[in-house]
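Here come two complexes built around chain A, the first alongside chain B, the second alongside chain C.
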Partner chain A sequence: MTTASEVLSSIQSAFPGAVSDARVESDRRLWATIDSNKILDVCKHLTGKLNFDHYSGSAGVDWIARNEMEVVQIMASHGAHQVVAMLKVKTPRTNPSVKSLTGLYWNASWYEREIWEMLGINFEGHPELYPLLLSDPLVGVWPWRKDFKGYPDYTTGERAVAIPTPDGYTEYSFPPTPAEIEAGTVPTERPKYPSFLERETREIKSDSEMIMHLGPQHAMVPGPFLLDVLVEGERVKKAFLDIGYIHKGIEKIMENRTWLQDIVYTDRMCYVASLSNNECYCGAVEKILGLEVPLRAQYIRVILEELSRIQSHLIGTGEFLTLIAGVGFAPWQYMIMDRERIISLIESVTGARLTHTFVRFGGVRNDLPEGFAEQCKKDLPFMRSRIEEFIELFAQDPIYHARMENVGSISPETGKRMGCSGPVLRATGVAYDMRKEDPILVYPELDFKVITGTRGDSADRIDVRMREILESIHIIEQCLDKIPSGPIKTEAKIPKKVPAGEAYYRVEDPRGEMGMYVISDGGDKPYRVKVRGPFYATFQTLTPLLEGTYIADAVAIAGSMDGCPSESDR
Partner chain B sequence: MGISDVIPVPVAIDDEIEKWTIFGQPVAEVWFTTTEKIHQIIQMGPIKNIFNWGRKNSVYFLMQPMGCCGVEMFVFGAAPYDSDRFGCIPRNTPRQTDVMIISGYLTRKYLPVFKNLWEQMPEPKWCIAIGECAISGGPFYDSYNIVQNTGDYFPIDVYIPGCPPRPEQFLEGLINLQEKIKQRKDLRDY
Partner chain C sequence: MDGLIEIITAFAAQEPGIFALIIGIIGALVLSAVVNVGAMAVIWADRKVMSDFCNRFGPNRVGGRWGILQLGADAIKLFTKEDVIPAGVDKGVYVWAPIVASAGTMLVAAAIPFGALHIGGKDYPLVVANMDISAFYVEAALSIMSIAVFMAGYSSNNKYSILGAFRGMARMIAYEVPMGVCVISVAVMAHSLNLVEIVQSQTVWYAFAQPLGFIIFLIALVTDLGRIPFDQSEAEEEIICGYNTEYSGIRWGLLYFQEYNNFLLGSILISLLFLGGWHGPIIPIPILDIISPMIWLIMKVVIVIWFIILIRAALFRLRIDQVTDLGWKWMLPLSLVNLGWAVIIGSYFA
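Moving on to the complex of A and B:
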């Protein structure tokens, strides 16, 4: 098995002088600063020779004290080994620019667009560098830079000047900042969000085509997003995805709250699976602090995360079924009713239905209540019988099969290349699960299977989710048997100021691989928190997947992804 | 039986009732009036109460989940809490709804779209703001992308605090809204 030090020595021997400031944190984490001219070659080397076939994302960091910016590329592998390489590329703070990886990795596009609009780092060679999350008035203010003046005073953040045109539309123009005038680097034209009119004139080639909006208001997806489809008759020729309608700026807010307060924000990132977000953030901070979590607390965390996975899969599948309306609204009502049982189990421990703020650094907030195990022993077998019923229901329904099978199929290679994870990738047959790949807590001691599908179509994705619920029930039952008595919080005193350092921590969210990259500069607030959300990556795959399908199927495919736009927008 | 027996007719209208006759026999009372006068009649009599009773018991809300509260809105509209008991069911298009539920944070990018949705709803319409984010910005009050007070943009009838509120609170807010609709006295949209 490849280890991090082997990867480092391989890079160093292939590209002498390219690596500076390398650090091998453990067998599984490698931190290295790469020469900005060599980053493309190093990435090619990693992908080609060392099986780093999973481009997991990238993060931008503004080091204002050192007067430089950093782009961190997160590289991992789909099961060949467990090393995560964090490759940093440095660039000066005035006119920051690095090389784009979009030529090598298809899914780099969104990550780079986000870094560009938030931090103002230019990506040379990026084909479509225009804003992803922000609206026009905020483009060009670079809100994630440390010297951004619009925070926390929300009235001063605007940069654009709105000019109403005679024909009723609004155009925005960006006056240069005093700093830009002084430095003489006034940009002549800023890329801005393509308006609907521009898109229409650019894309529509013949009279038989038209662009149709699906959204931004969707009835059954817990968040707004805009899916524009270019249709010819009933066929979708091309799809465009615009997100950011509920971009809250969580990463910026987290930099301005204390370490403990930030747990509240991780809850509200993906409210359907708050506990795994809690776990991801707390795990990263524990890694910097070097805390050991007591065994009982680890079991409690695992129990709650699996309960959270069950309710998330139930609501995701239920939403999807209302979207296709084939088997109708009845299963949705049943699933929501069953979900209430799980929600009340979680509520009996955490005291909240959705936003728990339950996990703490080095433990959990409170112990399991009396009678929790008995209640679980009543509810879980019931849940198992219900899920088996649902699986049977789907298997019997001919309409469901006709609509779902071989619709929106992803091949294993495409799934890997596009960076999706979780049930979407596992439905293609790739057994990629963070609980096995990068095990945390007591997962290595538990017995569970990684559920995979075969075809990678919409039906498989639902099937994988349903069978994963059965696995989760199995995990919880084991935990309830094995859970020892003992403390639920670590004995060590948790300091208010976290020592300087950085950590990348991955968990298996119900939607896939979730990672958090946390940097501390020794203060009482995080210096930077980067969230690598699972649905952000999966969302990107939607546009190529929709090409050539029917409009009716487009809705079904989008629904089978189990969307949570709140987490992709953050 | 003339119309004045059913509801009290303003004096001004009496002048415009014509008695049609055929060969000297009275056949019909024809009543000429204007919308404005009908409004006056509704205002005076029990018909308004009938309108209000109907509206109160068919408040359809727009399924428009935007945040954590949106997930609770699913549950509120589905079987476990069953808002249908109160005549309140989710609709998917704004053109068929009476109540807009602002169920989460309103961002600058979404605000114009949201205004569009509000304008697409037919009168009479009501608006409920749910959760801290919709009321005052909540935990995101100082974010660069969040609109703080939705009350500045939409005429909000009922505020339901909580982060997120429980579905029971949704029900209470709905009952408060129904009380408000029942007691409605103004002339608009009858």
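Moving on to the complex of A and C:
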């Protein structure tokens, strides 16, 4: 098995002088600062020679005190080894520019667009660098830079220019200052996201084609995102995707709240999977603090995260089924009723139904209530029988097979290349699960299988989710047998100011690989929190998958991803 | 009383044309009242039975815990809503589509026997227009709804509507043919195209005499009604509301209502053609023995309606290409096989 130090020595021997500052945190984490001219070659080397076939995302950091910016490329592997390489590339704060990785990795596009619009770091060689999350007028404001003044300055301050619209409203525009234009931090010609009319005139070639909305206002979407499809009759010829309709700027908000307050914000990223978001953030902070979590607390966390996975899979599958069967579909209602039992179990521990804010640094908020194990032993066998019933029900339904099989198929190679994770990737047959790849808490001591499919189509995705619920039930039952008594919080005092440091922590969210990159500068607030959301990564794969399908299949494919636009927009 | 009948008879002898007109108008009023009230019951059943399958309550506020007056409340709401005709629609076609739909349904209703009265050992069928080719006529009139659907979708100037209209048309063409062949098979066995005679000739229910034809007709009927798994023309999750996306208020209400009118009439039709119509043992109780054929027919119709509602709760929606594939590649050949079967069996027993 490759370790982080071996990876580092391999890079150093292949590219002498390219690595300027490196730190091997553990066998599984490598931090290295790479010469900005060599980053493409290093990435090529990692992917080609060292099996780093998973481009997991990138984060931008504004180091205003050092007058430089950093782009951190997160590289990992699909099961060949467990090393996560965090490759930093530095660039000066004036005219920041780094090389784009879009030529190497298909899924780098969105990450780089986001960093560009938020921090103003230009990516040389990016083919379509226009805003992803922000609206067009906000380009050039660079809201995630540390010297961004924020709301009042930009709407009521001197800089904002009020433009009355013909409808009687007022819009604000932010013209760049001459100094900024000179410094080059603001593009004088702002690239604009193409409007609907522009797109129509550009894309429609014949009278038989039209562009149809499947979002943001549509019965299909689980949350607002723009999905336009160019159709000829019933065939989708091309799809256009745009997100950012519920961008909340959570990463920026988290920089302005204390460490403890931020736990609340992680809930709001995806309320269906808030426990794993909690875990991800707290785990990263614990790593910086070097805290040991007591064994009982670890078990409680595992139990709750698996419960949370069960309820998330149930609602995800149920909602998807309504997309191809109509809202009157009875199994959907039964899934929601069964989910209610799980929610009640979680509620009995955390006191909340959806947004729990339950995990704490070095422990959990409160202990399991009395009778929890008994209630679980009552509910979990019921849930198991129900899930087996659902699996059987779908297996014997010919229309289900006609609608699901070979719809939105992804091959294992494509799935890896596109950077998707979770049930979508596992359905293709790649056994990639953070609980095995990057084990946390007591997962290594528990016995469970990584569920995989064979074809990677919509039917497999549902099948993987359903059988994962069975595995989760198995995990919880083991935990309830093994859980020791003891403290639920660490004895150590948790300081208000977290010592300077950085950590990247990954958990298996119900939707896939969720990672958080947390940086502390020694203050009482995080310096930077980068969330690598699973659905954000999976979402990109939607556009190529839709091409050439029927409209009905387009809906099925979009639904089978178990989308959560709230988490992808953050 | 006798005097009144005498006056009426005298008037009928004197002015036969006007008398026929008056009787026709009365018949039409009774008919539309019966059909529409029946359709309201079907809508109520659809909501209530559906919610039962899904373990929900369904409407349970207006009109007691059974929500009986919910539909009335909905109708009042729809009638009092603003009548919106969107800019850009083909106004004439847009306005006429719901009316064509209603007219089509009433044309179907005119030729359908709604049961029979058992008086003095004889069945007197209750049918407004007892014509010789009523089975054929009903089949033809049922497809007028598809024309109305196309009118509504095509005139709406909306992308979702036009897709819904095309889907509805493709589906109609694929399924009217096997449906018609099934009706012919029944007519071959009954040696008549008259629905009343078809019912009277069913000593053995045609569902048992030609099971294949029954299954094909049932599937084609569900398709014609546009219910899941064949509701592609208004698939909510794909094309919002399909052909009636741009409709609102009472125009939408009319279109929506005609679907349920058709649902009721189609269920009656399948009971008449395949389930023995009003055949059943006569209940040996005074008064009840007179209406016992009606009771049997209503029971059969309720079972058919219940079954079609159950299908909606249990099945997925097919894709439009799968629907037309099924229609042309399976339904049509199988219905022709059934026709051959009907000819052989029918001539053997004739």
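What we mean here is this: the second predicted complex is superposed on the first by the 529 of 570 C-alpha atoms of A that agree within 3 Å, B and C clash if a C-alpha of one lies under 4 Å from a C-alpha of the other, contacts with A are read in each partner's own complex, and residues count from 1 in each chain.
By definition in this document, contacts are C-beta pairs under 8 Å (C-beta built on N, C-alpha and C of every residue); 3 or more make two chains touch, one makes a residue touch a chain.
Model, not experiment: these values are computed from the prediction.
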Review point. Does the superposition put A:333 against chain B (first), chain C (second), both, or neither?
Key: both
Exercise for review: Compare chain B and chain C by how many residues of chain A each one touches, and report the one with more.
Suggested key: B
**Study point:** First (chain B), second (chain C), both or neither touched by A:244
**Key:** first
Check your understanding: Taking the superposition as given, does A:566 touch the first partner, chain B, the second, chain C, both, or neither?
Key -> first
Practice item. Classify the contacts of A:268 with the two partner chains as first (chain B alone), second (chain C alone), both, or neither. Key: first
**Study point:** First (chain B), second (chain C), both or neither touched by A:553
**Key:** second
Point to revise | Which of chain B and chain C A:423 touches, first, second, both or neither | key: neither
Review point. So, A:355: does it touch chain B (first), chain C (second), both, or neither?
Key: first
Exercise for review: Quick one: classify A:402 as touching chain B (first), chain C (second), both or neither.
Suggested key: second
Revision key, fill the gap. On chain A, the footprints of chain B and chain C overlap at residues 219-220, 332-334, 337
**Study point:** chain C-facing residues of chain A, complex
**Key:** 210, 212, 218-220, 231, 233-234, 321-330, 332-334, 337, 397, 399-400, 402-403, 550-553, 555
Exercise for review: Mind listing the chain A positions that touch chain B in their complex?
Suggested key: 133-135, 137-138, 141, 143, 148, 150-154, 157, 216-217, 219-224, 244-250, 252-253, 256, 264-265, 268, 271-272, 315, 319, 332-334, 336-337, 339-340, 353-355, 566
Study note, to complete from the structure: The answer for chain C against chain A in the complex is residues 50, 53-56, 159-160, 163, 166-167, 228-229, 231-232, 235-240, 312-322
**Study point:** chain A partner contacts - residues on chain B that touch it in the complex
**Key:** 62-68, 70-72, 74-75, 78-80, 90, 92, 94, 104-105, 107-110, 113, 117, 139-140, 142-146, 148, 163-164, 166
